[in-house]
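When the chains are written out, they are named A, B, C and D in that same order, and each has its own residue count from 1.
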Amino acid sequence: MMTAKPLIEVQDLVKYYPVQGGIIPHTVAEVQAVDGVSFTVYEGETLGLVGESGCGKTTVGRTMLRLETPTGGEVRFEGANIFDLKGPALKALRREMQIVFQDPFASLDPRLPIGESIGEGLAIHGMGNGRERYERVIEALSRVGLERYHATRYPHEFSGGQRQRIGIARALVMNPRFIVLDEPVSALDVSIQAEVLNILKDLQRNMGLTYLFVAHNLAVVEHISDRVAVMYLGKIVEVTTRAALFRKPLHPYTQALLSAIPMPDPTLKRDRVILKGDVPSPLNPPKGCRFHPRCPIAEERCSVEEPALRELESGHQVACHFAERFL
Amino acid sequence: MPAKSAAPNGNAPILEVRDLKTYFFTEDGVVKAVDGVDFYVKHGEVLGLVGESGCGKSVTSLSILRLIDRPGEIVGGEVFFEGENLLDRPLDSMVDIRGDRISMIFQQPKSSLNPVFKVGSQIVEVFQIHDEKMDKAVAWEKAVALLKRVGIPDPESKAHAYPHQLSGGQAQRVMIAMAMALQPELLIADEPTTALDVTIQAQILDLIRELNHETNTAVILITHDLGVIAEMADRVAVMYAGQIVEEVSVEGLFKNGLHPYTQGLIKSIPVLGSVQEQLNTIPGSVPNLIDLPAGCRFASRCPARVEHGLSICEEHMPNLLEVAPGHEVRCWLYEDAAGHTAPLKPGKGKKKK
Amino acid sequence: MTATDTLAAPPQAVKSNSLLQLTLRRLFKQRNARAGAVILGFLILVAIFAPAIAPYDPTLSLLDIEPVTIRQAPCIHLLGCPEDQAQHLMGLDGNARDQFSRVVYGTRISLFIGFSTIGLAIVAGTLLGAIAGYAGGWVDNVIMRTMDVLLAFPSFLLAIAIITILGRGLQNALYAIAIVNTPHFARLVRASVLSIKEQEFVAATRALGASAPWILFRRILPNALPPLIVQGTLGIAGAILEAAALSFLGLGAQEPAAEWGTMLGRERGQVFTAPYLVFYPGFAIMFTVLAFNLLGDGLRDAMDPRLSQVSKAK
Amino acid sequence: MTQYILRRLLLSIPVLFGILIATFAIARLIPGDPCTAALGERATQAACDAYNLRMGLDEPIYVQLGIYMRDVLTGNLGDSIRFSRPVFTIIIEKLPVTLELGLAALTLAILVGVPAGILSAVRRNSKVDVATMVAANIGVSMPVYWLGLMLAYLFAVLLRDTPFWLPPSGRLTAGLSSIPFYRAWGLPISDGTFGFPIFEFLSNLYILNSIITLNFKVLFDTIKHLILPAVALSTIPMSIIARITRSSMLEVLGQDYIRTARAKGLRERLVVLRHGLRNALLPIITIVGLQVGTLFAGAVLTESIFSLSGVGRSLFDAITGRDYPVIQGFTVVIAVGYVIVNLAADISYAFADPRIKLD
């Protein structure tokens, strides 16, 4: 993977949400949803972005597609900063980058037959005439395992898994190169989840797609990803390959996360690291390392100095002052 | 139904559910959410009730306490708790059982607490419901002590907090404190960690485990997460479309799950640290609970049926039968038409390559 | 994969149902909504066929035509009124006009008032609300603060104040009612736009590169329609009631128009001597308003998004 | 919460400002020049010139607006054309009548509407529920004046010689009069005494006045006269409150915390009353505030039916008599009152809901 060329480079991405308050409403605080995140997605790979709720992983995906206005930083798609794009250039880029949402029901317009939802992108971009568009919609449907006759049905007539496949078809029909998958299976039952994950893998293989897979379920992320980035409170704490993540996690948070996941194997008796307390509010994140109040190995330094994301081994970056201990 | 009057090894179960049926009479038809469920829970054990959404596991748990609201109705079956059939009681007297001898915690801890009352007084309420003479100040002391026991930091002041001031994990701890207040004999935990983050989930599961050991309270743990089951349960009942399809010890389930649905479910989850190219899938979808098939409810999705060319699956419902000590399955692969358990006899139209 | 193939569900020839069809089906499952629809249908028929139903010209005084007196009590042959006397189902009013004919024709005016005022209010309110909700910032502030001021007056008082400016008469009453109703629709549409704007399917459309007007007109506004229809139906009920009240006070429709409120207002002093002159027009108002209220209520239940989640849960 | 209340108060300032501008505009927009509007059609040119000079009507429009605002804020609402009396005095005289009627109707609406809504929700789809909701639907469709006339016909004519007879008009039976408390107590208060308008205002609330002066004959007579108009006026708010209570209660009864309360072993009655009602009442606070607007519309009509000389009736008379200063003055007072009532409702909501209280 390391030899592949970078498709997307995210550099110091920052996204703050203002909090209105006071007697005369004004911005009294900022939710630091994403605070200086950098990573690279290589062509043809799947990068998993994992973290607990409120860590900013979804915001990263949405901001990369400019569904949210960034507060700072750059996102380069094949070298060009997409935050600089406007008008037709931005519209053209939209064809290259697509998104699949978490809630497959909410992400489909309930008033449209799904064929029209899927074909909407083609219509927006004026691609082909009605007939050609229809054919492409049918093709996209068949790629996700749905039939021609499904095109005239409405979202409420489908099961959760089918709806998520429709969501994928809508992204596919544009022939994108990059897709952000925003928690695409977390609303689904396990047996359905497997089906969608398989489809995603097949499509990537057949169409040469690049994925950013955002999820909170580490097992799912590990299953589908080539590399994994772990986020905590708006920061990336560790980036590594899938194998290294499980075998040798270097950040105490990653270790805790791994050990907190219940394993479907009753014979496995593990020494678990159970983190104390709750995730602090991104409104007022802790000084220094954001993880230090919950960290089992925190020292004085951690509450003062923020650790940088550094490469300890080839392709394995970690943001912890004491990560060397786990090498 | 073959009766299972007592669990093996003479230990009488604390709770035994027999042929429980809870239907919902909706405008579209009768939804058979729970349709003949049998299981038992022994003293002090953790029974995992696992299944996918809509399989009836939550309705089952609510039926035990008879908390089913219209248009739902318990239409049949028996729920023996310490030998007494709860369904025979006058509904009014269920309040003596609820919260005192059997208590419940739910999936959405924050919305399960009343937003306009302090959490302390919501715990106090439990004491006062079941002991009207208890002094308010005494009850408050006990509530604070409980909050401390479930690991709420600074319990004295947190007792004065309102639910919206708590995090999801803290709210679930409060719910647990409330449920454990009167040291019930049985705790029903309905997806207690589904709404929580993994690290918080681990804390809550640990707490439930601890309380189970400490007070010997039996637990019914309802979840869709096989990982949680493996970590927590002693025995497991697998539900599918309103029925139990398999009931076995937790080791037995993962090592030797017999029902094709159980097998499919276990193989469909990605396991951390094991690289799989493709995940197993269960084709098709759960049957409509209004219009259920005559035969086995899993038949239309069952790869084993196709593999073995069984035709009986679509015509007749198999029974939940004990195929090995403490291991029950509802499947024609392990039963013959006379209702005896039997090893699998491959059918005529066998397709195996 | 062989198992999958044999297990795949065969293509079903199930008829596809749009959301509209589903809503309608749900609507007509409700007794209230059915009753409302039936009454409304009846009223529309009465309005259309008024000339055929009404035995007399509603503005014609019968004094010189038939041997009648003013405010003559109802004469119904079935109830024993002598056959040689002309039948007047609801009696004659102070001008010796056949009240039954006037009540029948009144349906036309009331329905017209309801639909036209609320139609106007919906158009104006939707425009203002959509602009405010979509543009945000100072545009939003200016529009919505103006609406707040309008809402700060009890609506009937505002309508009276507007008529004071415009002068009395049916047409001005219509404008007044349209104006006092506009802020409600503006608020509703703005709120819908704001909430729909945050829906994922709108984000999905934005991710496809759609322009702002495309999103507003094709995604947001069509989905803002259901609450608008509910509010509109209930609004018609209110508008008919308000218009009749204005006419009752002499501010709306003027003599000799066959308007229920006007009829009531003119004969109110006769309630102790000729109660039928007060009873029938008032009953007609209530009956008509009830139809819209029942229908509006039914629509609200049928379009409740929480109910459409039922199919999702299954 | 102080912040919430302060913000809410600040937000009503522009609205109050807007009301002043709007009512100012009414005076400028009425057909004909303000002079004839104020002095009547027969005003001479000389009288008009004097008037214009006195009212500052020769000043630029924004100065006029300034003068108007100053006047309103100091209680100077101009003089009635028809009665040649200050509008302020007329309001002091008429407002108690409307207030008494409105409060009686609102109390009735709440006392009947809330329990009916609760009962309906708890016995969902039962006969009680269906009957209540049919009644409520008819109630909101009711032309108040028609109901008033029909009630008057029923109780004053049809039931004339029965104990159920009720008077169809007025505040007191002819011959009876309500003696102001300050006079009954022999207090040295007369027109011109400091604070006289307040005493006048209070003594015009007959129920209050007759209770504190222990004049039960007047009290019962007042109540008897109040029943029909109050019932007519309360119909619409009562129906709305019943419907909102029902739907709010249904929503609350479906919440997770209700299930928790049941699972604790709480008896159903307490589940509904302690856990349900407390939450269900929150939205009702706001609705009650908004009903004051409906009550006002109804008051104009009801007072005119039952010959009660209150704000509504006076306003109607002013409109018929083109008494523009009265229209303008009443409009300002009513709109400001309405804003204050809704502000009060919002603030009580904040007190009742810990989610706002503790913010």
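FYI, a contact is a pair of C-beta atoms (placed from the backbone, for glycine too) under 8 Å apart; a residue touches a chain by one contact, two chains touch by 3 or more.
For clarity, every value in this text was computed on a predicted model and none was experimentally measured.
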{"item": "Chain with minimal offset from the mean of all protein Cα atoms", "value": "C"}
{"item": "Comparison of A-D and C-D by number of C-beta pairs in contact, larger one", "value": "C-D"}
{"item": "CA centroid of chain B to CA centroid of chain D, Å", "value": "56"}
{"item": "Rounded Å distance between chain C and chain D, as computed from the means of their C-alpha atoms", "value": "26"}
{"item": "Centre-of-Cα separation between chain B and chain A, whole angstrom", "value": "33"}
{"item": "Shared-contact residues (touching 2 or more other chains) in chain B", "value": "281"}
{"item": "Residues of chain A touching at least two other chains", "value": "none"}
{"item": "Contacts with 2+ other chains: residues of chain D", "value": "none"}
{"item": "Chain B to chain A touching residues, read off their complex", "value": "52-53, 153, 167, 169-170, 197-203, 205-206, 224-233, 250-251, 253-255, 264-266, 268-273, 275-282, 285"}
{"item": "Complex contact set, residues of chain D against chain A", "value": "3, 6-7, 10"}
{"item": "Chain B-touching residues of chain D, taken from the complex the two chains share", "value": "124, 255-257, 259-267, 275, 278-279, 352-355, 358"}
{"item": "Chain C residues touching chain D - in the complex, by the definition given at the top", "value": "32, 145-146, 148-149, 152-157, 160-161, 163-165, 167, 237, 241-242, 244-245, 248-251, 261, 264, 268, 271-272, 275, 278-279, 281-283, 285-287, 289-290, 293-294, 297"}
{"item": "Chain A - residues contacting chain C, complex", "value": "62, 65, 67, 90-91, 94-95, 97-99, 101-103, 105-111, 113, 117, 120-121, 124-125, 147, 149, 152-154, 156-157, 160, 167, 170, 174"}
